[in-house]
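By written order: A, B, C and D. Residues from 1 in each chain.
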Amino acid sequence: MLDIRGLSKSFGGVKAIHDVTFDFPDGSLTAVIGPNGAGKSTFFNLITGALTPDAGEILLNGVDLAGRSPPEIVRQGIGRAFQVASIFRSLTVQETLLAAVGADQRRGGVLHRRFPLAETRDRAEYVMELLGLANKRHRTAAMLSHGDQKLLDIALALVLDPKVLLLDEPTAGMGPEERWRMIDKVRELWDRQKITVVFIEHDMDIVFKIAPLIVVLCYGRILATGTPDEIRNNGVVIDAYLGTEHGAAP
Amino acid sequence: MTELQAARAADSLSAPRLEAGSKRLRYLDLLVALAAFAVLALLPLVSDSKALLDFVIRCSAYGLFATSLNLLVGYTGMISFGHGMFFGLGAYGYGLIMQRIGVPIPLAFLATLAITAVVATIIGAICVRLKEIYFAFVTLAFQMLIHSTILSWSSFTGGDQGLRGGIPRPPFLGIDLSNHVHLYLASCVLLVLGLLAMRQIAASPFGYTLRMIRDNPMRASFIGIDVWRAKLTVFVLAALFASTGGMVMALFVSGAYPEFAYWTISGEGIFINMLGGVATFLGPMVGTVLLLILNDTVTRFTEYHGIVLGVVILFFAIGLRKGLMDFVVEWYTQRRDRASGQG
Amino acid sequence: MKRTRQPGISRRSTLTLMGAGALTFAAPWVARAQAKTIKIGMPTILSGRVAQLGTSSRNAVTMEVEKINAAGGLAGRQIEMVIRDSKGQPQEAARVARELVNTDGCELLIDAEASSGAFAVHEVARDLGVFCVHTNSETSALTADPKQHIPNAFRTARQGVHDSIFGGSYAAAIAKGKGLKKWATCSPDYAYGRDTTAEYTLYLKRFAPDVEIISESWPKLFQPDYTEVVTKILQAKPQALYSCLWGGDLTSFIDQANIYAMFGQMEVFAVNMADYTALTVVKNLPKGIHSGNRYIKTFPATPENAAWGDAYRAKYNEYPTNWSWENATAMMLIAEASKKANSADGKKIAEVMRGLTIKCPFGADGTVTMRAEDQTLIGYAIGWGTTIPQEPYVPDVKAGDWKIILELEAEWKKSKGYT
Amino acid sequence: MDAWTFARPSSARRNGNDTLDLDALASCFTSSACLVTQTTSGLIIGMLLFLVAVGLTLIFGVLKVVNFSHGAFYMFGAYFAMTSYQLTGSFALAMLCGAAGTAILGLIFERVFMSRVYGADVLMQLLVCYAFVLIFDDVVRLIWGPEFRSMGMPTAFQVVPLFIAGGVVPPYYLLLIGVALAAAIVLGVGLARTRIGKVIRAAAYNPSMVSALGINTGLIYGGVFAIGGLLAGLAGALAAPVRSLTPGMGFSVLIESFIVTVIGGMGSILGALIGALLLGLIRSFGSLGFPLFTEGLMYLFMVIVLVSRPSGLFGKEVA
């Protein structure tokens, strides 16, 4: 499915991602964890084309995406949501999703018809229902609550019907209760959509609870991979990661 | 908005009806345009004031220019300080074709648009890569470059004295643009058609692509939008309308002058937008009327119009903090919300 | 630093403001002028960098109108001047000119615009058929080019080619006398600067064939810094320098050339130096700059001219400019033509004005003539002399010979294909 | 070729080619006299431009405001200097008045008007500046009249120019270069070494942090505007003896300063210095080689820089 081979990127001598190789299986739900500065976001940025890798391949169903532009990569089927909700502040929820579907169907340049296009409606409706945004469809994005903005961000990625969905800390900046609601949503999404989901998460409880597969990044390298149980009992991970992270964060 | 209102709004505009609604809006636009044109067309019958007709012709020229600038500034978030170069290009292109070759007016008109499209594509391809203030500066630099060229290349452009000796206006299809009323009607037609076309652009799926780019270009590229291409497209489209405005101006003064391609024209365009408002489609048009009235009245009474104009600008920038139409629309929605909140 | 402020303007005040705006705007359309007075419209430059020229035009016209009105007006109708600012923008000049005629009911136009504005107003005059006198544009093509010719437009400004013919012959005489063979030029890079310089060097070489131009500089109009131009001229080491910079640009250039001690090293011919606006401003005026007259009250040295200059100075507490006499002449011509035609009608005035010769303090021989064939002024005072840093500034002016000027002008027109 | 040259009237007599006079340019490089003169002339143009541009870039760096009214400070500096010179006859006092007057003006302008639009759109800030360009020009016209004025060169500098390696260098311009260089050094060292400089740099980097530390950001912003005004005023005062004073004189200087800051990189002081010197040299040598397109050359250079390095030569890379 999504097959990363020898991916490397350095910034002025600092190796942010160094020779990372991992194959995300089809339909898997994988958590990427690691201490601050481990290169998690850089990893996502490389896969989605926000950064150009120095070396390595990013194969999606055998097609190498390394070095392509974000729009091209999105079209190949990699959707992404951001750590800080990245939305279109002046559009309503419904407009956002209708326009996004339009863009995905390559109708974003249509001049002679009026927005919205009828053929974009069903998918937008479906995603709104799926993420529970339907009753807020006419709210302007900027007016949404923090949690809803994060949901809208995910909806934006999802509405493009991706094969792989990358979620960068979907629960960042949320209260405990809201966090669990969000993570339930992610889980439900994965169940219903049958797509490959990769997410970055800080909260170990969440990770161990819902992710069948975990990748641990540290200083740009893969430290360990495995199931929650394997990771929990991995001495290297405990030393390098849990020690520092748990020591620092309450 | 309260939860309740949102729910009610959702009720009244569910998805299938939204579609029908947008079609209705399209007819409404057409209706408004027809009505506006009818009113404008009746004006010469009601009033024999030539100055009023002149005023409307100038409004057409500046209105087309300012509204097209708003496609960039308001809808796409591209602050161009050099949009005036296309106004100048329109005036010079049309004037030169008519003076040197002397083809029928519609042909010169189309040829000028074609030239504008080519030039705008080349300049746009270089400019739209840059963001924010850098985009503003590089467009300004191009504007100054074009202005310098017009001044230097005097054998072709007439230099600082502009295209002299009048631009011929041979009649075509029974339309004689040297007749004042014909010229007036022609510029009204151009204005209404231009506004209608720009309205369509703003309300099309492409218009929403532009809004997305304005709000969050990074995110737009992550949902598969080729931001560069969309920006270039709107840059060229806006240039075409600005060029049309320039042609109306050239017809009005029967000449073209380097001032038409100077940065102050771009500055005036931005000023008009801020005056009228950028969040409403007709904001720039309102701004045009306001600025021209302001200009014409103030210069009538004082030669210190800089102070007067400056104070008016301060009133808008510091007092209202937005253009007139934006202010009115906001005030109206607030009032409506308050009323519906009580009721 | 973010500060949110509630928009603090009430609805009522907004509406009042808009109402007031609409009212003042509508007023001129409501008013319809048909009175015993005759309105004369005058677009000119009252703001921006050359506002001084516009105000001096306004002053001169106002002074003449007072005299004409005191003497009974134009065919019994009192003159009312309507003077508007064009900001020096051609499209504004065109707009203002149209509005003056169409809205304010002006029956005659005085076009006190600089060159490009004058061409714009010329098109309005062509379009509306209104009587129009261009008072300030010195660009020869405005009247010399038959394509520009319309029966209702006249010019009372001096003409670049006239200046250049006499300037060239004056300079040639000095060049021959002092052996000045290597010349440099430094003129503003716009039509007036280029045309005037080209014509000047043409006639300079005609009268002194062994003169050679070894360096040319073309600073931009209103350029603040001339250092690179000054050093370039110094590099070329010419024996003489010609410049048609004017106003503030000329004084900047002189100030900056001064500290390079340029004026000791070459003869300088600056056609626009002998203008009070420049003469009175420059603090360290180098001695002996050759200049053509612009307006100077001691040339022509007649009591009429001195009286006019003194009256202007007394009334406005400033010296008249080159534009002042040109505008005053326009009013004098209109008044005389109107008297002869016994009418204030533009068409009748125009008919009489063609070929009209009037007594005028600014005439080389006490009269000026509106030449019939191209409707432009001839016979005005043209002279060159050297400047000194105090009154009378140009003590000794050598007057130009109009016979030669007209002969060579005819030849020039032929060479340009204007006849 | 004919229609495509930037041609002049047919009767014009030219000794060289049309737009290009590359021979003149080439021959200059073989003569030390020409090189010295043209290089110093470039330095003179550049250093004065630097004084205006550095204030512009400083204000942008700290406040992220494109101060469109900066040219007006230059203009006021010149007028203040002229008036105080006419009243007192002291050149030093004239310079001081020019600089101090505009510093106060800058402070008032920032505190009373600009500070109200920091939260707003960039365009709103530009509009406030634009409004003051219009207002200031008319105010000058009201106070000093529409006619152009001249301050006159102090007698101390009315001396024979120096000859260095065959090149001509007027003493007044040596003073001018000296003052501008001194200003550049004081500014550079002040920002790098002093406490105030560090606070200003911190404010540029992270304003909320500075205010969290209990430092009054309003004071810093006002101070930066005052420094910017002071430098522009000083430039105006230094220019007053050699340039004519008119309402609106700040405009062309402003445009050139913009080119300088954009080429050098908005917010970079070193960039402003290099940009100003480059522009000065383009002007001085361009006038030899491209007498009719010197101005166009500047814009062309700006376009090239912007296209190849959008953030300017020394600007921070834009993400």
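The rule we apply is simple: a contact is a pair of C-beta atoms (placed from the backbone, for glycine too) under 8 Å apart; a residue touches a chain by one contact, two chains touch by 3 or more.
As the structure is a computational prediction, the values presented were derived from the model and not from experiment.
According to the touch definition, list the chains common to the neighbour sets of chain A and chain B.
Neighbours common to chain A and chain B are absent.
Not counting chain B, which chains belong to the same connected group?
Take away chain B: A | C, D.
Give the chain pair, either B-D or C-D, that is connected by more C-beta contacts.
When B-D is set beside C-D, the one with more contacts is C-D.
Compute the centre of every chain as the mean of its C-alpha atoms, then state which one is farthest from the centre of chain D.
When every chain centre is compared against chain D, the largest gap points to A.
Let me have the rounded angstrom distance from the C-alpha centre of chain A over to the C-alpha centre of chain D, please.
Between these chains, centre-to-centre, one finds 49 Å.
So how far apart, in whole Å, are chain B and chain D when each is placed at the average of its C-alpha atoms?
For chain B versus chain D, the centre distance works out to 34 Å.
Express in whole angstrom the distance between the two chain centres, defined as the mean CA positions of chain A and chain C.
72
Provide the list of chain A residues touching at least two other chains, using ranges where the numbers run on.
In chain A, no residue touches two or more other chains.
At least two other chains touched by the same residue of chain D: list those residues.
Answer for chain D, listing residues that touch two or more other chains: 8, 116, 138, 141, 292, 295.
Spell out, as numbers or ranges, the residues of chain B touching 2 or more other chains.
Those would be 152, 154, 304-306, 321.
Can you name every chain pair that touches?
A-B, B-C, B-D, C-D
Residue numbers of chain D touching chain C in their complex, please.
The contact residues of chain D facing chain C are 8-9, 11-16, 28, 31, 33-34, 37-38, 40-42, 44-45, 48, 115-116, 118-119, 138, 141, 145-153, 157-158, 160-161, 168, 170, 172-173, 207, 217-218, 221, 239, 241-249, 252-253, 283-284, 286-288, 291-292, 294-295.
List the residues on chain C that touch chain B in their complex, please.
Touch list, chain C to chain B: 5, 7-9, 11, 21-22, 24-25, 28-29, 46-47, 51, 84-85, 87, 89-92, 94-96, 98-99, 102-103, 115-116, 119-120, 122-123, 126-127, 139, 141, 145, 147-148, 189-191, 194, 221.
Give every residue of chain B touching chain C within the complex, in rising order.
Going by the criterion above, the answer is residues 47, 49-52, 54, 58, 151-152, 154, 159-162, 164-166, 178, 249, 252-255, 257-260, 290, 293-294, 296-297, 299-300, 303-306, 319-322, 327, 331.
Which of the residues in chain D end up touching chain B in this complex?
Those residues of chain D that touch chain B are 2-3, 5-8, 19, 66, 113, 116-117, 120, 122-124, 126-128, 130-135, 137-139, 141-142, 255, 258-259, 262, 266, 292-293, 295-296, 299-300, 302-303, 306-307, 310-311, 318.
Write out the stretch or stretches of chain B touching chain D in their complex.
That would be residues 73, 79, 126, 129-134, 137-138, 140-142, 144-145, 148-149, 152-156, 267, 270-271, 273-274, 304-307, 309-311, 313-314, 316-318, 321 of chain B.
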